[in-house]
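In the part that follows, the structures are each spelled out as structure tokens.
What follows is subunit A paired twice: with subunit B in the first complex and subunit C in the second.
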Partner chain A sequence: MSSSPVAGPAATGPSSGSDTAPVGRPVPDRPSGGPGRHGRRIRPVSAGARPGPPRRVTRYWPQYLAISPYYLLFSVFMFFPVIYTVYLAFQKWDGIGEMHFVGFQQFRFLWDDPVFWLSVRNTLVIWVLSTVPMLFLALVLAVLVNSTKRFTAFYRVALFIPSITSLVAIAIFFGAIFSNNFGLINAILRSVHVSAVPWMSNEWTIKLVIAALMTWQWTGYNAIIYLAGLQAIPSELYEAARMDGAGPVRIFFSITIPLLRPIILFTVVVSTVTGLQSFTEPQVLFGSEAATNPNSGGPGQAGLTTLLYFYHQAFDNNDFGYGAAIVWAFFLLILLIVLVNWRLVQRKERRP
Partner chain B sequence: MNGLNRKRVRGLSVHVILMLGVVVSVFPFYWIVVMATNTSQDIYSYPPKLWFGGNLLTNIQHLFDKMDFFGSLFNTVIVSVCTTLLVLFFDSLAAFAFAKYEFPGKKILFALLVSMYLLPTQLAIIPQYEIMVQLGWLGTLKALIVPAAANAFGIFWMRQYTSSGVPDELLDAARIEGAGFFRQYWHVVLPCVRPALAFLGIYTFIAAWNDYVLPLVMLVNPDRLTLQVALAQLYAGHSTDYSMVMAGVLLAVIPLVLVFTFFARGFIADATKGALR
Partner chain C sequence: MDLSRRRFLQAAVLAAATAGATAACGGGGSGSSGSKDSKNLTLWYWSGGLSDKVVADAKKHFSDITLKTSVVGGDFKTKLLTGLRAAQSAPDITGIKGEDIASFLPNANRFVDLKTVGADKLVPEYLSWKLKQATTQDGKLIGFPIDIGPCATFYREDLFAKAGLPTDPAKVSAELATWDDYFKAGVELHKAVPKTFLVNNIGSVFTMVIGQGTRRFIDEDNKFIGDQDHIRTAWTTAVKPYTLGIDAKINDNTWNAAVSGGALGTEIGAAWHALDISNAAPGTKGKWRVASLPGGPSNLGGSFLAIPATSGNPDEAFKIISWILSPENQARGFTDAALFPTAPAAYKLPALTGGDPFFGGQKTIEIFGPAAEKIPAAFEAPADAAVSAPFYSELTSIEAKGKDPEAAWKDAVSQAKQIAQRQGVK
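Up next, the complex of A and B:
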């Protein structure tokens, strides 16, 4: 969980002054009869400790009470549902009538379902089209901001804003400027005498638009993360390399990239997990066709991501069993891709 | 001096590229305002109008005819405010227990909390829907607020801050005066962790305000929607009347972005810390 080069306050600048650096490990302060830190027998009257020491676990009731809301909510709304989804994947159920156990039939159907595989392919293509330029541009922007001292606060805020903007609003905006006939992008193309592109009808441009949307939203966020990592690299390292006669490109590949690797790994994992779960973008852009064609996702189903397909099966078709099978299969796929990514980035680490 | 000149050119080109990035980041907000203040005919014309027009009020009027804007706004505010307050309270309280106390099972419980953090919510959403049906909460705002009332990220974040930002001496002093767990929390911990609460509060509020998937599934009642769902439906139903839809986007989204820029500097510093831990 810890990524070493960015622990200190240097990583994020002095802007939040009240955040003191960790001062040693806090010692557990549970009042106890043993040799406490204060040595003396000041016996603090804790809320639970009335006359006569109660039994072991009940003594900690305030702590258990304090953490219970999360675990209660987690059990009811997350843990139980996730398990129940496994159970559902082996049933046929429309949410109202009787449940029928069908064994592996849902998964067998899934295996032969061309629409499911189409949706997986769409999801992967959109993910690659968005993640690669996103992380590359983010690294470039971070290196540039790091190389200057002026306006950095302004750059950071301006680059960060897309990541807190409502996805629905941004999807509507992209739908407007990439509109087939009247969008801003086609107007620009027309002004340089290029014929209009039917962005929202072509199999590839649909994916491009969705990927562009995701790239727009998350590039700045990743740049800020990289920037924090860059600022934690000690400047002596750069000076030493310069003294040894290394040029900026060499320095970038021999010092910056290796030291940034844990953070790059973090951003790759996060953008994999979130990027593969694209749903809102195609749902808002092509949602109006859902009523007539439940498998829609735009012309040629080119924007049908797996989670959009899942949503249609579960909540438009009320096929809860099949929905459960889709979402579990997809989760395992995400897990597989994250593990592969992890291995790839880790292996490169061993090389130097 | 040639070397100095070259350095200056390089410095300048850095800012030129960065300004390009800034323009790309901010352009949608400008263009949303342009579209929201012109007529749809202006947007469809060639060459398109590139500057603000005077049609905003008419567009807003059309918007109010087509969409229950204030009702959706009210629902969104209720959900965001309630979720934020509950998250701040439950997460900071749990974080205090994890940061400053030892109790049996603590390690396992915390490891569980951390490991479940990236579990995709879609894995749970069908049974969640069914649970809301059983509870009779489907279509109500409770279905959004209650499941979100405490979360792993917030506890994790608050624990980090509490263990370093709340001095043990203060807690000891409070204990000697006879303050129990909850009085320590109220009188010592809460005042100390305010900066961390500020970040968590802004983060939770924005996330709740922008949330789309859960409201889409749970708010089955068409006259009780949040802004995001109402906007998406408006766009689905009137996708050609851009100026009206953009007026809705403008009202529903831009104020939050503007407010955010006020807190942005401290928030961004905290956000990177939270991400990198």
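Up next, the complex of A and C:
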């Protein structure tokens, strides 16, 4: 990582006059192993005549002050709590009593906790069941909307509405549609003499319902992003392809998909991060479970996602140290999956 | 970005002043550190936690005190924990839900021992088993009971008649006195009316049986006893309706529809559950009756009022609590918010002795009153709710996946042991 800051000042060193920094550096003009593209990208940004770092801060202080509220709020309400959970993960704490340092004990508990692993499995299954159809449908919808000539604004608004609808309202609505005994879908099934499906109590259908909910909510949002990407593709390319005799399928796979790859990468990463954090969906769908066993993720705990399990441990059981350990272990898992996704989509880019 | 520096500074100062003023307002609610004779008291409760009419009258009755009430929504316990941690924002009087009271006992020092502010004189007038729930092992009383949930069997008289079962509450209470009698009646009911089941789910049976005993999942010596006979018996009893095919297996939000549609012939639940039933199924008015719970009285729920140690005026605060929870006002709370009184004196007041039209004019106090006074006093450890959770989860696994009850029991016990270990139980 240290390569880019070195490459930056090194390139501008002679012209900028701030020759204190590069002096200590052994070989200023070598990109020091960093990826060539990266170095090139840095250079133009810092190439303008600019004063040294200390003067820069003092000169632009009103601007820094102007953007400071965000950073202050961020550090108080986001950064500090995040760091604090690291500390908490090594404590045993009930929320108001004394904290006890317990070392890695919470993580050892986590390793042996079958419910934690069940929740991780649930989360991954729900994520796959929702993300794959969601991104596929979004792409199809985006291509369809992109080719429409009339009502385009209407389609765009229609696509965007689900993502700004209250998640709780959607979850209650889905709960009513998929209800075992009195749901809309089972009523339809019965009316055509097909036996009803116990959507809300079967291990797999519970996950399907949650995944369907997430797909319904976020397909339109991703479609809008794809649509923006599609409109950035120059029409000459399509014309050229058509001149060469390519059909719509060939155009889609040889032009649209490759040029959309950065956008696809973005949506994959974002849906991975958000899809793995499903919490409200199972919480509302199976939240009616009275006081005896709240937030347990429904029958057979089939809808228990990791974040719901974390919430249950921290806020129902007041085991804040264990809760912190759960979220940190899960953070590492999300990071791993995002990296894997990144590599997968990136590698394909190099091949053609 | 040609923002003039002076204009910018003006804007910044204005913004800072606004933020400061907002913060001051937020903290000003119960500025009550130091002296203990504040005349401004705050009261936190949740919607339905107290009778709003009684609370409104309390404000008038204590004319020299400014009582500010907040009906706190969402997760009450979490908000109270946060409030207690930042002493500035803690209320002077707060509600504590029945299922949370045990988890506050280890931090009893965060609350005023109510016996030091006058509760010791009132204790004999209230149900001792309920007070025990808010009493620490060294005898401090941190909460005064708002209500209780004496349990009973709610049953559909019309469906019982169809199945040739007894219909008179006294007879039902006598003939369905044990769990086995109750299940046998359920089998007959289901045979006569095939769409009707006996219980909504087996977790509710488990809750009832546990509540009938004096021991729960952890004993007074902080030892895990969730694998012992009393829990095992409760488990076996709970699984019976499942194996007999009289379990409706309702673990989602379709309970309302099941009640109104006649899928449930009985409901076992606390006195406040009557309100759930009448809200869910107004069309079944007059068809329900109440009988004693099979196997003896049990309790489910019932909240407390407590005074955080940071309270600005604990003496006045307790005067307000004891006024709100006087037998007369509890009787009003019963009429107004279905809060079942914790002072037996209230059971003789007209508000409770009248007939309930939803139950065909039955005087339900004849069932709930004696039950309330006979509920066994059980020791509930702080980690009890956490440790019991796997048992409920595994019971739903049996219902949802058809998991073998024996395997489910083993999994429940091993998970419960693990949670117990995490919670510091031996």
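Please note the rule applied: the second predicted complex is superposed on the first by the 287 of 352 C-alpha atoms of A that agree within 3 Å, B and C clash if a C-alpha of one lies under 4 Å from a C-alpha of the other, contacts with A are read in each partner's own complex, and residues count from 1 in each chain.
The rule we apply is simple: a contact is a pair of C-beta atoms (placed from the backbone, for glycine too) under 8 Å apart; a residue touches a chain by one contact, two chains touch by 3 or more.
The model shown is predicted, which means the values in this text are computed figures rather than measured ones.
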| Which of the two partners, first being subunit B and second being subunit C, lies in contact with A:344: first, second, both, or neither? | neither
| query | Taking the superposition as given, does A:94 touch the first partner, subunit B, the second, subunit C, both, or neither? | reply | second
| field | subunit B versus subunit C as contact partner of A:161, first or second or both or neither | value | first
| Which of subunit B and subunit C A:109 touches, first, second, both or neither | second
| said: For A:331, using the defined touch cut-off, is the partner it touches subunit B, subunit C, both, or neither? Pick first, second, both or neither. | reply: first
| A:141 contacts which: subunit B (first), subunit C (second), both, neither? | first
| field | Between subunit B and subunit C, more extensive residue contact with subunit A | value | B
| task | Mind working out whether A:62 is in touch with subunit B, subunit C, both or neither, as first, second, both or neither? | result | both
| said: So in the superposed three-chain picture, is A:315 touching just subunit B, just subunit C, both, or none of them (first/second/both/neither)? | reply: both
| message | A:296 in the overlay: touching subunit B, subunit C, both, or neither? Say first, second, both or neither. | response | second
| message | Need the overlap of the two footprints on subunit A, from subunit B and from subunit C, as residue ranges. | response | 62-63, 66, 69, 95, 172, 175-176, 181-182, 288, 315
| remark: The subunit A residues in contact with subunit B across the complex are 1-3, 6, 11-13, 15-16, 18-23, 26-31, 38, 42, 44-48, 56-57, 60, 62-64, 66-67, 69-71, 73-74, 76-82, 84-85, 88, 95, 137, 141, 144-145, 147-148, 150-151, 153-162, 164-173, 175-177, 181-182, 184, 187, 190-191, 216, 220, 224-225, 227-229, 263, 266, 270, 273, 277, 279-280, 283-284, 287-288, 307, 310-311, 314-315, 320, 323-324, 327-328, 331, 334
| field | Sites on subunit A touched by subunit C in the complex | value | 62-63, 65-66, 69, 92, 94-97, 106, 109, 112-115, 172, 175-176, 179-183, 198, 200-203, 285-286, 288-289, 291-293, 296, 298-302, 312, 315-319, 322
| In the complex formed with subunit A, which residues of subunit C make contact? | 1, 3, 5, 8, 12, 15, 75, 77-78, 81, 84-85, 97-99, 103, 106-107, 110, 203, 207, 249-255, 257-258, 261, 263, 301, 382-383, 385-386, 388-390, 392-393, 396-397, 399-401, 403, 411, 415, 418-419, 421-424
| said: Per the contact definition, I'd like the list of subunit B residues that touch subunit A in the complex. | reply: 11, 14-15, 17-18, 21-22, 24-26, 28, 31-32, 35, 43-44, 46-48, 90-91, 93-94, 96-104, 106, 109, 113-114, 116, 118-131, 133, 146-147, 149-152, 155, 161, 163-165, 168, 171-172, 175-176, 178, 180-183, 185, 195-196, 206, 209-210, 212-213, 216-217, 228, 231-232, 235-237, 239, 242, 245-246, 249, 252-253, 256-257, 260-261, 264-266, 268-273, 275-277
